[in-house]
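Both complexes shown next keep subunit A, but they swap its partner, so subunit B is in the first and subunit C is in the second.
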Partner chain A sequence: MADNSIQALVLKRLASGLVTLLIVSLLVFVGTEILPGDVAQAVLGQQATPEAVQAIRDQLGLERPAAVRYLEWLADFALGDLGTSLVSGREISEMIGQRLSNTFFLAAVAAVIAIPLSVGLGLLAALYEGRPTDKGISILTLIFVSLPDFLLGYILLLLGAVVLGWFPALSKLSDSMTFWQQLNAVALPCLTLALVTSSHTMRLTRAAVLSVMHQPYVEMAALKGASRKRIILRHALPNALSPILNIVMLTLAFLVVGVVVVEAVFNYAGMGRLMIDAVSKRDMPLVQACGLIFASVYVLLNLTADILSLLTNPRRRRPK
Partner chain B sequence: MSRFLSELDVAARLGLLIVLGFLAAVFVGPFIIPYSEVEIVGSVFSPPSLDHWLGTDNVGRDLLARILAGGQMTVIISFLATCGAFAIGVPLGIVSAIMGGWFDLIVTRIVDALMAFPGLILALIMLSALGTSLPALLLVMSVLSSTIVFRLTRAVAADVAAMEYIEIARLRGENMRWFLFKEVLPNVVPTLLTEFGLRFVYAAILISSLSFLGIGVQPPHADLGGMVKENSLAITFGRMAPILPALALAILAIGINLVVDGLLKRNADLDLHK
Partner chain C sequence: MIKRRDFLKSSAATAGLIGLSAALPARAAANKGGHLVIGTTGGSAGDTLDPTKLTSVGHGVMGYTLGNCLTEIEEGGELVGELAESWESSEDAVTWKFELRKGVTFHNGQAMTSADVIHSINLHRGEDSTSGAKGLLSNIADIAADGDHAIVVTMNAGNADVPYLMADYHLLIVPAGTENFAAGIFTGPYMLKEFVPGERLSATRNPNYWKSDRAHVESVDVLFVDDTTARISGLITGEIHIAGRVDPQSAALIDGAPGVHTENHPAAGHRPLLMACDRAPFDNLDLRLAVKYALDRPQILENVMAGFGSLGNDHPIPPSDPFHAADIPQRAYDPDKAAHHLKKSGFEGALELHTSNTTFSGAEAMAALFQQSAAAAGLKVDIKREPADGFWSNVWMQKPFVSGAWGGRPTADIMLTTAYSSEASWNDTMWRRADFDQKLALARAETNFDTRKAHYHDLQLMIHEDGGAGIPFFVNNVDGVRDEVKGFYPAGSFELSGMRVAERTWLES
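Then we have the complex of A and B:
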């Protein structure tokens, strides 16, 4: 059974992740090409003179077949050339640089809050299953899951910036700020993001831990008279580790998408707002670049989750 | 009906009350309220008063009238998009489960690819090409939401298709359509109903987020998310104007989620009693 060695499995998973990335890039490309008419016409809208349309068609190389343009775009992308913006004419990689790091900073700080919060609450709810603590946490998360991101954002903005005045209302970063000033500037958007994503992942953690706690071997351990602490630490936790790691990665993936709305609420100069601007101005090359970056990060995080779960859960190494 | 109600827990009954109250408010309210959602009746961002219970919005329209009309827009769009998702997902799911083979393989792969993508990002990409007309919005939302409907229908239908009475129907030589409507569909309905609630909430939050980002429903029409955007400036003066439409959306979502949670628990109980 050399086929099932752990390296081979991880390699196989990596390969299928690569295929997913390719399909995703194809979707991004096709997604911006599903126009009923012509991209150039759509970009220009009312101001579409024949010359202007032709200029854009030339710039995008629309005369050539789509398959060729897709391959070129993909190859350029892999080499770090993201093309130029239709609206501003600037290099896209230049426009993205600072914004990408701003967004990663936001997501990283949010993750530091969200992961312990969601895993901790999920464990707590699972350990006190059916008791008031559990019911309280469960109802609270049901409410939080139902809240649109911008509602939480504006409530925190109203409380934190306007009523209490602890944090700035506009989250603006600059290089001259110290790390603590930067943290202060992103506190509200980070808290919003963390609360939005925690409610999802907390529910997942609770379900994962409960499904382990209901296994026969946990009951067996209890019947043998093992202490509650021993049951949880020796029997349940090692088996719950894989789903929990998965959930942590999933939280990160949620964060990456959550930034789009949260950045708009707090006027934060990140990737999300760049993409929104690009979409509303129909700046296709910029939309494609942002879309591919968002989607790749998302796919890579999911891939990492899968590989971690392969490494931590020996059962998954055996084909069913 | 009363038996159905008695099987639901308190939270789910409360949820049902919220949902019915919300629907009544947005569909009947605009006829009762003395202002229309487009007329300018006061100064900009005036605070709540006896004449204008929730105050006025960014151009001086009555905010309550706006929220009722916007809520109606959100409910109608979300309902249509969810119906669209089911119209795509359910037939594909059932046919995939019964036919199997290459058809199943292709559809499943496409759905997997769509689900490998964060929904909001895919919506943004597609809308940047299609534009933000109402049919384009409905199409994008339906397609995005149909992936989960497809998976669920396929899974449930595959379970049903493996049962003996289906085998008997097959042996009797029934044709495909009879099969779908008489044998498979009735057994899939309870699961799909709860899913309809969840998909509806997803659609309502998606369209509101898109409108909030300026890429959903376009002026002069507005849904709840668009109203949050219109009034976003008021927050720096400490006014609630952008929070109220968002709160209305949250109330609807919480109501539906409570009902769905109750239904899921009830279905789980029924399974245990078998």
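Then we have the complex of A and C:
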């Protein structure tokens, strides 16, 4: 019975995820349609005579109704055909492949640092609520959350690459590098991302744990004589897990889709730079593909968070 | 971000005498070996090695790392033979014969012949061509082989600059029949090892390279680093040896840092205020002169470009060009004269100046300075900031008063033909004079240098006195270079030693 309801819930979530993706795809398409200028003007730039613009538009079929083009694009996308770039004529899947794996690598390394660090710090801060440890952690993370990511990136670049010379200023990966060399290459962007994201995660972890701490059953545990550490780890944490999982998943999503600026600072060849490139050239199929991939990552991670919180929190499985 | 339009407007170098000798200035003996890393701009994930698709400086650097043209622009704008050993023209400069260098092989071992050269040039010609060099070659009537080691180029009309056209970075010589350029087969100093579009090109020295005094390092990486700060950080940390296109604000910082310096050299690009001469209010010469006298050129050069440039004199031929008319007096900021011409023009009200930093990053600052200096002459200017999107389609050549930007052109003729002849599609001042067109055609076909220079002098004077462009300055090319890099010298109007740094520089051990 319980299994059935989990399955039903998961299916429901999956369906709503699909609907979300569909809406996002429509928004991405409409968004790229209403951008001023088109690929013909962007490619031709200063040479955009009306005839040349028309020639490119005809060649690319830009004159057909938007609805038709949207449905075609969506159908192809669903079948795994991302189309070809308007600017270079290359397969988009081929252009995206390496960039996407670079982005995932950066996100994964940053997550491995950021998530244990920030959840741990959040628990530590909750454990010592109101004490110097808590205040110290709070102030430090507040500083990092207040700094814009590009500034933090430049500061780390100045320290780590220019002054100390420990890490490269330009993060470039190649297949011939060993894993350690790759780690070294992405050290600075990873650190930047880890510091920027861990503040959010740490503060939200702390808040989630503390909000549970004010529940009657926690008071009961304290009256039983349990230590604060035991209360947090055994009583509060399991109940705070579902908001924390949500935060962690959002952080992961941010690490994949929110790294545009950091990629630019360290000249990292990831999805963010690819998308900026595509927008500035009005290479719409590429923009749409990037947009939908980003959206899918978000939806999938949110779905995972939902499902995990259902699994960890039996109460959420019961309809109210 | 790629500024394709910036780039398309530029081409090879400043004009000079057609030199038939390949004599080069004496230089210290080059150190051999090492790995050179060049950080450049204008890369994108859609890049290819197809010569017809090269659009940015970074693409040009890649091209010259792998390939050669028929001719090459050397220091001081001197033209020397590259894959062409020598050339000669008929009296009227209509028919040109290029003798090709013998014994040159492509990276795949195949010998280069006239068939390869003809194929390579024809890639850029014809109705369907989308090459950036299509316009340059539009007046070629025919190209034919004269045996295995010579070609004959026939023009529609006399053109003394044909050998200069052949130095354009698009006109790299590839084996006949090449359609897929992924293998990167050329005749140049380095051979393709790996190409990741928008990221980097890696190449190793061509052991059979036909130039004995070039290609000093063992391997080269051309990195695309479009973010200026990242490019300069890489230069300072030593990950990049040569960083192209340093902005004026960063140049002073580089000169102050240890182990690095800037290479700062005059170039031909300029940033005019464009007045449309065919309509009100600028169909009135006095109003045009009022604007020209109201430009405080030294102030603009100092504040907008941090002094990295040279003063302009309201015509597009820079002081570094051999045909530059040095005797035309420099027009200075003169509020009294501006006020005088303004009064004489009878214009009342405010001029609306349409501007956008998409033309160049200081365009809006320059407009603001002009607004101030014009106010002192009683000329009221309203600045209208336009969105970057569609600026070149909806504002440039549409509104009567706009900020513009021109990159350098390889020769005076190409500059004047592209922007000032009556029929030019980029005549962005709408200035049309039959006597100018006639003299321009005369100058183009003239093979005597002194006579030609006299013609160009008159053409510059016409634009200076009557034209619709207020040209306050010419830009400089500024590159960041590490001190261990030797052999860097400016050549032509492009940065990075005319984009040929890969084969010209070496690393001191």
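Here is the rule we use: the second predicted complex is superposed on the first by the 295 of 320 C-alpha atoms of A that agree within 3 Å, B and C clash if a C-alpha of one lies under 4 Å from a C-alpha of the other, contacts with A are read in each partner's own complex, and residues count from 1 in each chain.
Quick note on the criterion: contacts are C-beta pairs under 8 Å (C-beta built on N, C-alpha and C of every residue); 3 or more make two chains touch, one makes a residue touch a chain.
Since we're looking at a predicted model, the values are computed, not measured.
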{"item": "Fit or clash between subunit C and subunit B when superposed on subunit A", "value": "clash"}
{"item": "First, second, both or neither for A:280, with subunit B first and subunit C second", "value": "both"}
{"item": "Touching partner for A:112 - first (subunit B), second (subunit C), both, neither", "value": "neither"}
{"item": "Touched partner set for A:15, first subunit B, second subunit C, both or neither", "value": "neither"}
{"item": "Which superposed partner A:269 touches (first subunit B, second subunit C, both, neither)", "value": "second"}
{"item": "Which superposed partner A:168 touches (first subunit B, second subunit C, both, neither)", "value": "second"}
{"item": "Partner chain(s) touched by A:159 [first = subunit B, second = subunit C, both, neither]", "value": "neither"}
{"item": "First (subunit B), second (subunit C), both or neither touched by A:183", "value": "neither"}
{"item": "Partner chain in contact with A:28 - subunit B first, subunit C second, else both or neither", "value": "first"}
{"item": "Part of subunit B, among the options 55-63, 91-99 or 181-189, whose backbone runs into subunit C after overlay", "value": "55-63"}
{"item": "Footprint overlap on subunit A, comparing subunit B with subunit C", "value": "35-36, 154, 157, 162, 169, 264-265, 276, 278, 280"}
{"item": "Interface residues, subunit A side, partner subunit B - complex", "value": "20, 23-24, 27-28, 31-36, 39, 42, 139, 142-143, 145-151, 154-155, 157-158, 162-163, 169, 253, 256-257, 260-261, 264-265, 275-276, 278-280, 282, 284, 287-288, 291, 294-295, 298-299, 302"}
{"item": "Touch list for subunit A against partner subunit C, complex", "value": "35-37, 41, 43, 45-49, 53, 85, 87-90, 95, 98-99, 154, 157, 161-162, 165, 168-170, 172, 174, 264-267, 269, 273-274, 276-278, 280-281, 283, 286"}
{"item": "Subunit C residues within the subunit A interface of the complex", "value": "1-2, 4-5, 8-9, 39, 44-48, 194, 196-200, 223, 225-227, 229-231, 233-234, 236-237, 239-240, 387, 389-390, 392-393, 396, 425-426"}
{"item": "Complex contacts: residues of subunit B adjacent to subunit A", "value": "11, 113-114, 116-122, 124-131, 201, 205, 208-209, 212-215, 225, 228, 232, 235-238, 240, 242-243, 246-247, 249-250, 253-254, 256-258, 261"}
